[in-house]
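Before anything else, here is the set of structures, which you'll find just below.
What follows is a pair of complexes built around chain A, which joins chain B in one and chain C in the other.
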Partner chain A sequence: MIEIKNLCKSFGDKKVFDGANITVGDASICGLIGINGAGKSTLLRIIGGVIKPDGGKVTVDGEEVFENERIKSRLFFLADDPYYDTGVTGLKLKELYKTFYPFDDSVFDSYINTFSLDLKKPIRNFSKGMKRQLFVAVALACGPEYLFLDESFDGLDPLARLEFKRGLIALQEKGSTIIIASHSLRELEDICDSFVLIDDSKVKVSGKIEEALDNIFKLQMAFEQDIKPEDLPVRFIRAEKVGRIITAVAKGDKQQVMQKLESLNPVILEEIPMDFEDMFIEEVRKEGYLK
Partner chain B sequence: MRKLKKSVFENLADGFKWKIETGILLEGDKLPSCRELAMEKGINPNTVQRAYTELEESGYIYTVPKKGVYVCGRKQSGAVRLAKERLEEIKDAGLSKEEAVKILNEVYGGNND
Partner chain C sequence: MKKYFIYELKKSSFTIACLSVILTLLYLVILLSTEAGRLGINAYTTYLAVPAYSGAVLAFAVPFRQLDYKMKKRSADLFFSLPLSHSKIIAVKFLTGLIIVFAPYTLSYWLGAFAMMIKTSLPINAVFYIPHFFITLLPLYIVYAVSSFAFTRAGKASDGVLFSAFWMIAPMLAVAVLGSLIKGKPYTDIEGVTYLYDPYFHPEYYSVFSPLSYFTSLFAELISADGYFMDTSSITIANMIVGFALTALMGAGASAGLFIAEKNARFENIEQISDSLFGYKTALPYLTVCLTALCHFAFFLAVFVAVGAFLLTAVYRRTLKIGNKQAIIYAASLTAGIILALICAYVL
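Up next, the complex of A and B:
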């Protein structure tokens, strides 16, 4: 289990985390989301033990990660731009990782075969997607108990993505815990069972994706009389009125909200479905950001 | 109520409902295991399990412990379900029963005497 309590981290005068609390249970696939610069990569680097938090406690199975070799051999952090030395080939990369992890050659070879990669060529000659494929193969072959992925779907073609997702499911079945920072929310909706949304140096929402989607909903309505959204007996987190049609987003008990609105005899009242991406947009929407 | 975008588990469940209603899947047919389906589609096994639970609760499939998941047989024809869904939309849009029956007779070419 990964537990983060009251995490604080600043770079200069920029506060990236200011009292964030996160728990990721065992054998789960957790999506880490947030706008650009929200701190997703920083969080992964902290949990991966690459950088030290300024304050708070970050533990994996009860042990602090930073400078802790024993726990670090059980986790694998795949950075967005993983390091490799000039001239290093796939084969040499494999040898390097073999010194740190219980490496499964058969898993590695099967992915190399699926992706048709030439291990004798220098990695720097690979395309962006091929580099990703190679590092994905390395990560899955290391079979870590904890796998942290930073935008690792980026640049992969749809077939490679599917293979990667299958690999992640197989890893989860063995009891591994996976955290994926990504902006491909469609992908995350498929593969993750839980999520953490970082906003304003804190965790804004977290939990099961399905439950979060059940809890937020968008409605479109119109009434005989010209009613302003703020005069309705329901508290919305956002409402817009164009002509007589009101579009509003609410959280909480959908049935209760619908009943209250039905009692006003609306001309129309319908739910506009929301997916994970819509939920993200509503949660991080605020004055002044890309609006 | 109309629902356009569906969640991952709803999409999965609806796909099976459709196949069972149209008779593509027949009574006693075996469905892939939760794990097999999750692997094939790259979907979290918990999500697949939720779709199967939904299908089981609404009587489309049944589970034989340690053997697998099987189809219960056609529940209700796909056409009946489609008709219900569409008619509900039409009713919501404000068409009266009388008008609806009139159109129904026109479409089916029957008499309305």
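Up next, the complex of A and C:
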């Protein structure tokens, strides 16, 4: 289990984290979301033992991560722009990771075949997507107990994304815990069971994706009279009126809200499906990032 | 750690092979294209100096290749996340780097020595090649350690190269200023050779490269089997002993400092302004004061020092707007240097 308690981290005058608390359970896939500069990559680097926190505790299975070789041998951090030496080929990259992790050649080879990568070519000659495919293959072949991925869907084609997601689910089924920082919220929704939304140096919202989506909903309605959204007997997170149609997002007990609105005899009242991305947009809109 | 060391060594094997070939060829080409007879007594020193100086260049530059993983966020992301402590990673990199320096040096030294023995008509005490080889490993290590420590004090590789270069000559500059203060006017010895400094504070013996140079000269005498021709006066010997002690101390300090500092190495300093005390913070005022003071024999040169110091400050701050604090340090260093230069020129 990953536990972050009262995490504080600053870069010069800029506070990136000021008392953040996060818990990620075993064998789960957690999506780390937030606007650009919220601190997602920093958080992954802290959990991955790259950066030392200024304050608070970051533990994996009860042990602090920074400079802890034993814990770090069980986790794998894949940065958003992974490093490779000039002239390094896929084969040499494999050798490096084999030095440190219990590398599964068969898993690696199967991904290399699926992605049709030439391991004898220098990585610098690969396209962005091919580089990403290679590092994804390395990460999955290392089979870590804890896998931290930073924007790892970025640059992957739809087929590679599908293979990657399958690989992550297979890893989770073996008991691994995965944290993915990404802006591809639709991809996260497909595979993540929980999420953490970081904003303003704190954890704004976290929990199970399904529960969060159950708790927030979008409605479309129209009434015979010309009613303004603020005159309705329901408090919406956001509401827009175009002509007679009101589109509104609400949080809480869906049935109760529907009952209140139905009492006004609407001409139209229907729920519009809401996904993880809509939920994220509503959350960041609340913080004033979107007008 | 052992597995990683083997990996690094395997990864560096091609570099080691290439450098060995280049250094050996360089030595052999110089050896075969010069006539020992025409070089006279200088032949021994020249031939012995080729591998030594090539080794010194490697010892100075190899840390830039080995330790630049600490200068880029991308590489630090990889190396700092590996299941090895920061100290172990730098130890492996440091040790591999040392092999990259010593292996080509060893090969070129011995192949060159054998070629010299076969080719030359000069009398040779070949046995002295052995102690010379082993003794020169120490100054090579000192250069390597000082360069490694200085380089890793920077947040950016280009700053690191400047720091390494600075520490190579730092003691030499202080000695030159001291020599100038003690013997304010250029000094001419009994053979008519003019020195700009007091002979007891001869800067030539106080760069980090110096021990390599004078060990080589000393052993060239021993290998020559012709008696000595080098100035081994008590003044020279004193300079050598103090110079070597100073650089040895620097080497020991740098070796220890490299690993101690690694325990507090911070990812967040990477690619940032190099604010270490062992970097610009010390180098800028130190260089400004020393170089300005040394302009006592040609004051107009202080203008170049002033311009150079300003440009270096701009490199440090990464902007031409150097700020009040830096401007004060700049002005104070120049003033101190000018005062010292005036003392050297007119008071002493």
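Here is the rule we use: the second predicted complex is superposed on the first by the 272 of 291 C-alpha atoms of A that agree within 3 Å, B and C clash if a C-alpha of one lies under 4 Å from a C-alpha of the other, contacts with A are read in each partner's own complex, and residues count from 1 in each chain.
One rule holds for everything that comes next: a contact is a pair of C-beta atoms (placed from the backbone, for glycine too) under 8 Å apart; a residue touches a chain by one contact, two chains touch by 3 or more.
Note that the coordinates shown come from a computational prediction; the quantities given were computed from them, not determined experimentally.
Within the superposed three-chain model, A:Glu210 lies in touch with chain B and out of touch with chain C [touch as defined at top].
Contacts of A:Gly48 after superposition: chain C is touched, whereas chain B is not reached. In the overlay built on the shared chain, the residue A:Glu95 is in contact with chain C alone; chain B does not reach it. Applying the stated contact rule after C-alpha superposition, one finds that A:Asp226 touches neither chain B nor chain C.
Contacts of A:Asp253 after superposition: neither chain B nor chain C is touched. When the two structures are aligned on the shared chain, A:Asp275 is found in touch with chain B, with no touch to chain C.
Within chain A, no residue touches chain B in one complex and chain C in the other.
Listing the residues of chain A that touch chain C in their complex gives 11, 45, 48-52, 67, 69-70, 72-73, 76-77, 79, 81-83, 85, 92, 95-96, 99-101.
By the touch criterion stated above, chain C contacts chain A in their complex at residues 3-4, 7, 10-11, 72, 74-78, 80-86, 266-268.
Residues 29, 161-162, 165-166, 169-170, 172-173, 189-193, 210, 213, 270-275 of chain A are the ones touching chain B in the complex.
Here chain B touches chain A in the complex through residues 1-9, 35, 38-39, 41-47, 50, 92, going by the rule given at the top.
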